[in-house]
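Shared chain: chain A. Partners: chain B in the first complex, chain C in the second.
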Partner chain A sequence: MTIISETPTPLLVVDDLAVEFATSSGAIHAVNGISFTVAAGETVAIVGESGSGKSVSALAIMGLIPPPGHQTNGVVRLASQTLTDMPDRHYRTLRGRNIAMIFQDPLSSLNPAFRVGDQIVEAMTTHGTAKAEARTRAIELMESVGIANAPRRARDYPHQFSGGMRQRVMIAMAIANRPQLLIADEPTTALDVTIQAQVLDVLQAAKKDADAALLLITHDLGVVAGMADRVLVMYAGRIIEQGSVDEVLINPIHPYTRGLLAALPSLHTNSRAPLPTIAGVPPNLLSDREACALAPRCEFAIDVCRSSRPLLEAVSGNQENHQAACFRAHDMAVLKVDK
Partner chain B sequence: MALLEIENLTKDFDAPTSYFGSGPKRGQPGALIRAVDDVSLEISAGETLGVVGESGCGKSTLGRMILRLIDPTSGVIRFNGQEIQNLQGRALRNMRQRIQIVFQDPFSSLDPRMRVQEILAEPLIVQGQKRNAAKRISELLTMVGLDPAFGGRYPHEFSGGQRQRIGIARALALNPDLVVLDEPVSALDVSIQAQVLNLLSELQNNLGVAFLFIAHDLAVVHHISDRIAVMYLGRVIETGAANQIYSDPQHPYTKALLSAVPDPNPQKERKRERIVLSGDLPSSSAPPSGCTFRTRCWLAEDICAAQIPLLVMNPNGRQVACHLVNARSSSD
Partner chain C sequence: MTRYIGRRILAAIPVLLLASLLVFVLVRQFGADPARTRCQQSRDLKCLARTRVQLGLDRPLPVQYVDFMGDFVQGDWGTSERTDQSVAESIGIALGETAQLAFWGVAFSSVVAISVGVYSANKAYSPGDYFFTGLAFAGIAMPTFWFGLICINYLTFHLKELLNTNEVIFFSIPNATGHGAINGFRELALPVLVLSVQLVAGWSRYQRSSMLDELDSDYIRTARSKGLTRRRVVWKHGLRNSLGALVTVIAIDAGALFGGLIVTERVFSRPGMGTLFLNALGNGDSAVLIPWMIVTGVFIIIFNLFADILYGVLDPRVRVA
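So, the complex of A and B:
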């Protein structure tokens, strides 16, 4: 599989990654050979619906796939190091220092029994920072993510913070060691929309401050539009479209990407007309048939879609590495989006 | 006459006390949490009233009080002209034939040990309409787009979207006049959410049922609602026709709320004018004096701390609970 990249040396390289979960009814192919890169300082979003494999891909990069899952194929490289098959002991020194992750639910990812400040300090002392220095920096970090009265708040426990403030603590902890790569998995999904706006601003600033790249996992196309440089759309464990946010969200090619965008109700117009929908439901991932996974739900499907699998290929006439995995990509490019 | 009229509805909850007995004592400040504060609303037959607001604004408590799943502390709920806030026993049961609810979580709101046909038969049995139940159940399943042959299956055999259809079928089993929909699509993926929203619109057109649609997703509420009520910290702060509120919001909170929604079109998103609110929602056990939004409002003046703004129809024909908006429009 070829690696697509605009920069000569990408920070993160994911090559042909596959993850399976062993269940009593057989192996679930959660991620099915995905390849992508993230350049230093870049923000790449992975979007998709539940079960599309976006979170599992992120966990695979962190080396944290929960059992009974395991990586069955592919290589993950960060800068010059190969992460795949790296011994646990070695991986641990990278997590939190070179790659840091921000999870959806800050209440379950912070330890309820320890003061918030101590948890940020621990993130640094684990990687060799002296305790006194870490304490000063923890307060600075809390201030930088907009927590007022940081010296006093550092002595509070997670339950004393609101959801938005907890997520700020998580962001402070994630950038504590100035990682090269931040992975944020649905960082604002649990938050209200006005708090989401605050936290996304903080995340953007923290990323710049730490000079890190950001891999943003989300189902919210609005968040993608505001945050990302490039976007990967996943469906049934595969990337089905990728490119710059403008290309993919304004001129989507794949019928699934188009369907997702069309199915979103608009904030500005209310025609009361039925929303366009994608009929049916996503496939179960037990079998991995040689066919386009969307074919049973796709109004554009033709015979070839049901008998072989489309590869991710450049969309004709594009300038920005816009790729789609669709046999009818050329027809779709002609068919304009009416939005 | 409106189908449902709510007047000055208020609900206080006791604040949680800790296991060791600390926390505010009964009668002390902070001992009560006012979840819904002096709310008055109307719903006409066949219309959809959308209620929006962030976590803790009281929108779900409001919905539950209408069904009398929670008893109001004070205020009046009138349904078809009859006061229902004190109904008991048989009268309450009769009223509940006419008002039903669909819950957010399609997983926990269906009994995992009951077959779909049993789930749908239950409202019919409770209300003594067992005759022709089998026929009604297959009718209901067809109506919500499920195969009547699925009646023998259990909830776990269905996807989230299909389960929500079962929840909707159960709510419609008794031909109610009003259905309270409490975040009915927020657990669903976008493509499935659109299917369920279309189903709801279609059912409303065919059956003439009124909806109270509670949700935090502003675009979803706009799509489905005729009228909107915006809630903040237990109070309705703005209400009006959906298109009017979305195209020309009046209350500063409504403006901030709408401006915080990101646009999926990256070019529009970059140009979006945003009002970023500072701070968090104040605690509803110790709300700010006067206007509860003033602590986050960039326009707040002295009067906002002194007086609670009332939701009144201002000379521009808009109902807004804001001293400044209402003063401005009366001087126009």
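So, the complex of A and C:
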């Protein structure tokens, strides 16, 4: 199940990745064999609701799956190096240098006991940059992400910054070593709505500045539309639809993607009518049944949906890169989205 | 910071006044009669009456308290009812003895407790962690007097036989012959060990749980994502944040040690604050008891303040502008 990408050698290749969490009531299948690629300089978004396996996939790429989780299958490759099963002392030299990550909550993700400047400096010195050089660059980085008065602010602690400013610090820290791949895990979810757009602009600029590819994890389809080239929709640990942003957002095939889009309020929505929601709850990830995970919640479900699992296949009549995992993909393609 | 400390010291004054009032009233009202103690428990009414007037015991209690505090704050702490020794002097000597034991006990115990706690948290639920957990529970459960005697028995007498020398390696009582660092070590080793077993047992559990909390936090993940080694993440990022809780406990415990080493000092016959208290209590010597209690109260307050200051040093979020 490898995806043909526009560029011959993708920067990041994730092939059949599976992650399980061992719990007292059994293994939780957080990620169930996902495959995708990210080309150099490309922005790929992963969308899905909480618990769909987005963040765990990102942490698996970083090699930082928290215990009791572990990667049970699949391979992750960055450029020509295989990251899966790489010894930590080697993996470590890639973290922060070749792949860097921006986390959701910038307050808890920055160490409260150290000055922000020192935390940015540390990201560089740990990969061999001289301290004095790292200090100068840290100030430049802070200026580049729009922190005014950077030389003085570098001496402040995280709690002395506002939420948006903290996330700028995180972005500065992530691009410090000009990584090839930047992973941003819901970078604006914890921020005020008014700040979100600014931080996304900073992220976009930082990505360009570092000449990095961006793997953007979000549940905000508005962010996807504004930032990404391609989008992967995840549900219950699997990719259920993927394609270029235009394709997926304008002609969604999978009932789940359609549900996500329908749940999005717009200016034209009747503000008195309740927002459409996807009925039911996400499946229990303890059991990985041979069925479409959405079937119990899906109004289009037929018998085959409940007895076998659909594979990710190209959507006929559309561009070859648009794929969906749905037995009724053909019917859905005909059934236009009512706008 | 200076203003904050100044304010805290000022705030301590009413607390101490209240404590001293309580101590004074309770000891004078319900303790042994100082006049009788001075008259060697005799029933000589003349002696009793004379001493009462001499000590001012014939005056109302509030007047006695004000009089006592007036002298106390000026450094005139009176003399023992038993030995006529200066109370200030005996408390000074006892404090010096106890401070030595408390200092080395706290210094040694903090280093060991932090190391053990960080190790246990880092390797949580490993055999090593379970081993230290078991050891900690044994340490908490073990009575000081019993462990003290075991130490004396094995580390002085049996060790001497084992090494087949005439000289004891560790002294079980303060040794008057000779001074210097080596003798000091031989004299303090056993009481410090006994004290440390108790302190390390409790403190290492504190450090383990606060470190476990910190290791779970997001900034640890960030530090790892920057490419730091696990060792550096734990000992730099985690330790700094986890120390706040332990430092508070250490400071409060350390303050309490100045009055609370009664059993350890007794077992090792050390003339410290605990021994002074026991003797004063046994002799019904209220002239020693009252200043003793006020002094130990002062230490608890000082060390509490110390804990707050250290907490601010470790965590910039609670630093006072």
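As a working rule, the second predicted complex is superposed on the first by the 329 of 339 C-alpha atoms of A that agree within 3 Å, B and C clash if a C-alpha of one lies under 4 Å from a C-alpha of the other, contacts with A are read in each partner's own complex, and residues count from 1 in each chain.
Just so it is clear, contacts are C-beta pairs under 8 Å (C-beta built on N, C-alpha and C of every residue); 3 or more make two chains touch, one makes a residue touch a chain.
Note that the coordinates shown come from a computational prediction; the quantities given were computed from them, not determined experimentally.
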| item | value |
| --- | --- |
| Room on chain A for both chain B and chain C (clash or fit) | fit |
| First, second, both or neither for A:Thr84, with chain B first and chain C second | neither |
| Chain C versus chain B, contacts on chain A by residue | B |
| Which of chain B and chain C A:His159 touches, first, second, both or neither | second |
| Angle at chain A between chain B and chain C, C-alpha centres, nearest 10 degrees | 70 |
| Contacts of A:Asn321 with chain B and chain C, given as first, second, both or neither | neither |
| Partner chain(s) touched by A:Ala123 [first = chain B, second = chain C, both, neither] | second |
| A:Ala100 touches, of chain B and chain C: first, second, both or neither? | second |
| Partner chain(s) touched by A:Gln204 [first = chain B, second = chain C, both, neither] | neither |
| Minimum distance between Cα atoms of chain B and chain C in the superposition (Å) | 5 |
| Footprint overlap on chain A, comparing chain B with chain C | none |
| Interface residues, chain C side, partner chain A - complex | 217-219, 221-230, 232, 237, 240-241, 314-317 |
| Contact footprint of chain B on chain A as seen in their complex | 49-50, 162-165, 192-198, 200-201, 219-226, 245-246, 249-250, 259-261, 263-268, 270, 272, 274-279, 281 |
| Residue ranges of chain A touching chain C (in the complex, touch as defined) | 62, 64, 66, 88-89, 92-97, 100-101, 103, 105, 108-114, 122-123, 126-127, 157, 159, 170, 173 |
| Chain B - residues contacting chain A, complex | 54-55, 159, 161-162, 189-195, 197-198, 201-202, 216, 218-220, 222-224, 242-243, 246-247, 256-258, 260-270, 272, 274, 276-278, 280-281 |
